[in-house]
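Both of the next two complexes hold subunit A, though its partner changes from subunit B to subunit C.
Showing the complex of A and B:
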């Protein structure tokens, strides 16, 4: 029948799409367990060695094939990434959420202009933002380091949180706040007991988004990171320039697992009303 | 408190909104209103006449441009909503979706720091009152429309407000449930002794429930009165048309063979009672129950109209006969459906309709009639 023919085509489309998206990732994960030291496209045998080696444990691998010269460097970059991501997320979440609330609640002149300003960083090319921040920091004599990365990330992550929370606010029933006030709650109580719980999924979603983006950002960070403040993506990029080695697969897989955990956490918190 | 104590008072309330399409909308245009202790007052009016706006100025969500609101004698200007001794049942209920029924109802007590025992006791009492004991642990989205409505009600009465504002609380319910809730609301109001200010655009609802009905039109009060007064003595043609069924005839009162009649522009001649003042312009209101089929013998006390039957509509105990008069106007006659004498009437028949000359109500034309 014509219909079933169409349905098959549709399923095929779905399968091809999934392959298209997930095949490269699967390859990375699979080959992170491949023990062939030179050509990682040739499967030799299953091993955890690459994982051991990136954390600096002794392995049976030939020293020559190893690539991360110093596990300390890697761990330092991971630590930097976490410091940046946590600070940025905290700041961007607080500022982004308050901004969203302010624009939602109050009517003032040039409101849509402000709104536009807040959407801008979303469409601004990363590279432009990176250069602009670099020029700014250099001009004002601000030392490049963790602080400059945090400031740089905040400039655009505030927007992300703002947009997510605004979307949530738009779906909130405005009469809830009025009902709360009507029952005698002060504005602060209303915020704490009604507004915040209502927008919480948005706030958490925005925060997780900010966290992931901050952890993951390469382009902007590349411009504004100091010598001693390398983050994980910048570190990996540095490794790549000297050729793709199997350990990168292991690092990538670990990052993947981490992102997956964060995303699942987000989904879980969202589904819990 | 005595029956005559004023609980709430609105004086010369004016409120306009800037309409986005330019110009101003006068949502309230000089409203004055007084609510006495224990009264059930209904605001009735067509959509957009300012009912919600009036409620919101009383609850404090809207500031007046001019005039004032007093509750229990205290001027409410600049008093924020959370410090006003009124509570509201919102049109969409506005239940807090993340709180259980129990916490929704207890919210007013929780935010004012009432002790746990006292709070629990009062929440249970309120839930009991609206017939929802045992539903405390549910979330609002696990309730039916009628149950949500009851939760909203319980939540609003728990603070024992001086005045309860209800904005079309029954409009989302189906007809049966609505009638049950009307009765329940009324008896709840009697029990609690709280004043209710109830908004509706359903005239039947207004008539069945209220001690006092305020008819609003375009931001102004057309008439304030008991349901009987509004039905039998409407002050304006607008009220006459809005409350109950009936037909209006406007014309000049003249003398024909020594008895007053109302002559309309399109040639109808309607006999009136003795007290009609010749020379005036007036509007006659004929309600369906005023009209009967005319007897064969002449009767001076009856006004007679010739009409053609267009349609008859079954309404249970009565049957409505919709007739067309010689000037083209429609007139509804309500007759006892069980009376076999009317069985023979069929569509297209010429009918002679009669009404008691003294019974129908004459609305004086006072300049600004609609």
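Showing the complex of A and C:
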């Protein structure tokens, strides 16, 4: 009897929690379809015009109120984000996976040092890593641009891939590798035919995580992006600092949908094993 | 020969990470520490002289020539620590009951609910904070609703207060508290909880005597994972706190992007890093001791 009121209270709390998490997002999505050009909190009528206007198409709304400074800049930042995310994901996935394999397969003296080195970037506050990289690049005369962003992202994304792949390796059936070696397969064949297929879900999961974190990163990119190489989050942050404009609703909604799709894809791949 | 090929493949697997992290992770941290001991130049550059007053300035002292004692930076530092600490408490109070709730759900629901809870946190930080800017600003969603319902007669200022910063900070960092707590609640031996209630323990007694002590490692991990990013945060105070709620992160940003005093900014940043390292070391020691005891 006593347990039941306790559970009811917990359920109520859980539902309030979900409301707290989802309500703010819902507000933005709903108002991205509101055609009121001045006060976006007053509902006028349903419109897709903000979505058209962020891509630079002429609409009834932006005849009166032209908000997005430059569609070209926005699209350039989206392109930069994708270039950075694809490059960092590729690099971080290869390096993170190979490090995870090294630490899993071999016993050596420096092992705990390496484990520490790989956990460190994950717990390092963004701002510390961001300014350390800025000072480093400037001191050594490395030009700030897409390349510096890619290098900066890789310093912490390698760790994320490493952690995900290590978790996968820990749950792997080692007897298959031994059987393969016993049957005369070379280490390379064993790796390609036995190990790699088994850890593949971990590798893909790590890659997706790296991709999404790279696409979203704001703080580190903010410090090490050059003048002409902003990414999408940095661009929106800049817009927000200058004031709230209705177009940001539409951009935010598109980013929301994109992140949800990638995250769901990750979950789907993981559940398939 | 066998050893040789083993060493060779180990080196091959390990060298990319060693070289890359050695140069681009440890390298920058070392340079930053060096910078924090250099003298700031008059026009934004640095003089390559040893100079420890950057750290003195954080505590309020300056070199005596340029500035007088003024603990303005120490005050900002203390405020940051306070906000980060309150944020740990707030997220803990929000996430702990939620973790218990999820754990009590039928097993086929659990994975789905955890996914639903964590999904929004894959969305860009700047988008999530934008949601709160829309809600909290004077002509925003919250004031519209409160005015519409007649609860208030004129818009209240929530944005650009410490409350707004705390709301935004808690919202952004919830999963870092939820996931470790949930992991430890899930691992909890349920027979102990049942034994307690069979022996006549009420839910509150069972919670404080059994559930809470056994899930403390998760709480500790969550507390660290929330405290560290809260302390150095500058995006949340910038968007929701404005100029009124300066935190140490904003101070660092200013030193680099507007004040152009890089050595002082580096010293502030090194301080944040030292706080983080201290917490991590304390946590790991504690964890080791608990493992030995068990």
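As a working rule, the second predicted complex is superposed on the first by the 264 of 273 C-alpha atoms of A that agree within 3 Å, B and C clash if a C-alpha of one lies under 4 Å from a C-alpha of the other, contacts with A are read in each partner's own complex, and residues count from 1 in each chain.
Methods note: a residue touches a chain if its C-beta (ideal position, glycine included) is under 8 Å from a C-beta of that chain, and two chains touch if they have at least 3 such contacts.
Since the model is a prediction, treat every value here as computed from it, not as a measurement.
J.: Looking at the combined model built on subunit A, do subunit B and subunit C fit side by side or clash?
T.: fit
J.: Is A:19 touching the first partner subunit B, the second partner subunit C, both, or neither of them?
T.: neither
J.: Using the superposition on chain A described above, determine whether A:197 touches subunit B (first), subunit C (second), both, or neither.
T.: first
J.: Is A:133 touching the first partner subunit B, the second partner subunit C, both, or neither of them?
T.: After superposition on chain A, A:133 lies in contact with subunit C alone.
J.: Between subunit B and subunit C, whom does A:154 touch in the aligned arrangement: first, second, both, or neither?
T.: Touch partner of A:154: subunit C, not subunit B.
J.: Determine, under the contact definition given at the top, whether A:179 touches first (subunit B), second (subunit C), both, or neither.
T.: first
J.: Contact-wise, after the overlay, does A:259 reach subunit B, subunit C, both or neither (first, second, both, neither)?
T.: After superposition on chain A, A:259 lies in contact with subunit C alone.
J.: So, A:170: does it touch subunit B (first), subunit C (second), both, or neither?
T.: Neither subunit B nor subunit C is touched by A:170.
J.: Given the overlay on chain A, how many degrees, to the nearest 10, lie between subunit B and subunit C at the CA centre of subunit A?
T.: Angle at the centre of subunit A: 90 degrees.
J.: Of the two partners subunit B and subunit C, indicate the one touching more residues belonging to subunit A.
T.: With both complexes superposed on chain A, more residues of subunit A are touched by C.
J.: In the superposition on the shared chain, how near does any CA atom of subunit B get to one of subunit C? Answer in angstrom.
T.: 7
J.: Let me check the overlay on chain A: which residues of subunit A are in contact with subunit B and also with subunit C?
T.: Touching subunit B and subunit C on subunit A: residues 187.
J.: In the complex, go through subunit A and note every residue touching subunit C.
T.: The touching residues are 2-3, 6-7, 9-11, 13-14, 17-18, 20-22, 24-25, 27-28, 31, 39-42, 94-96, 98-99, 101-102, 105-106, 108, 114, 117-118, 120-121, 123-129, 131-136, 139, 151-152, 154-155, 158, 162, 187, 212, 215-216, 218-219, 223, 232-233, 236-237, 240-241, 244, 248-249, 252, 255-256, 259-260, 262-264, 267, 271.
J.: Under the stated contact criterion, what part of subunit A meets subunit B in this complex?
T.: It comes out as residues 173, 175-176, 178-187, 189-190, 193-194, 197-198, 273.
J.: Once bound in the complex, which stretches of subunit C touch subunit A?
T.: Interface residues on the subunit C side: 6, 9-10, 12-14, 16-18, 20-21, 24-29, 31-32, 35, 94, 97-98, 100-102, 104, 111, 115-117, 119-120, 122-135, 137, 139-141, 144, 171, 174, 197, 202-203, 224-225, 228-229, 231-235, 238-239, 249, 252-253, 256, 262, 265-266, 269, 272-273, 276, 280.
J.: Taking the complex as given, what residues does subunit B use to touch subunit A?
T.: The contact residues of subunit B facing subunit A are 59-61, 80-83, 86-88, 90, 92, 94-98, 107-108, 111-112, 155-156, 159.
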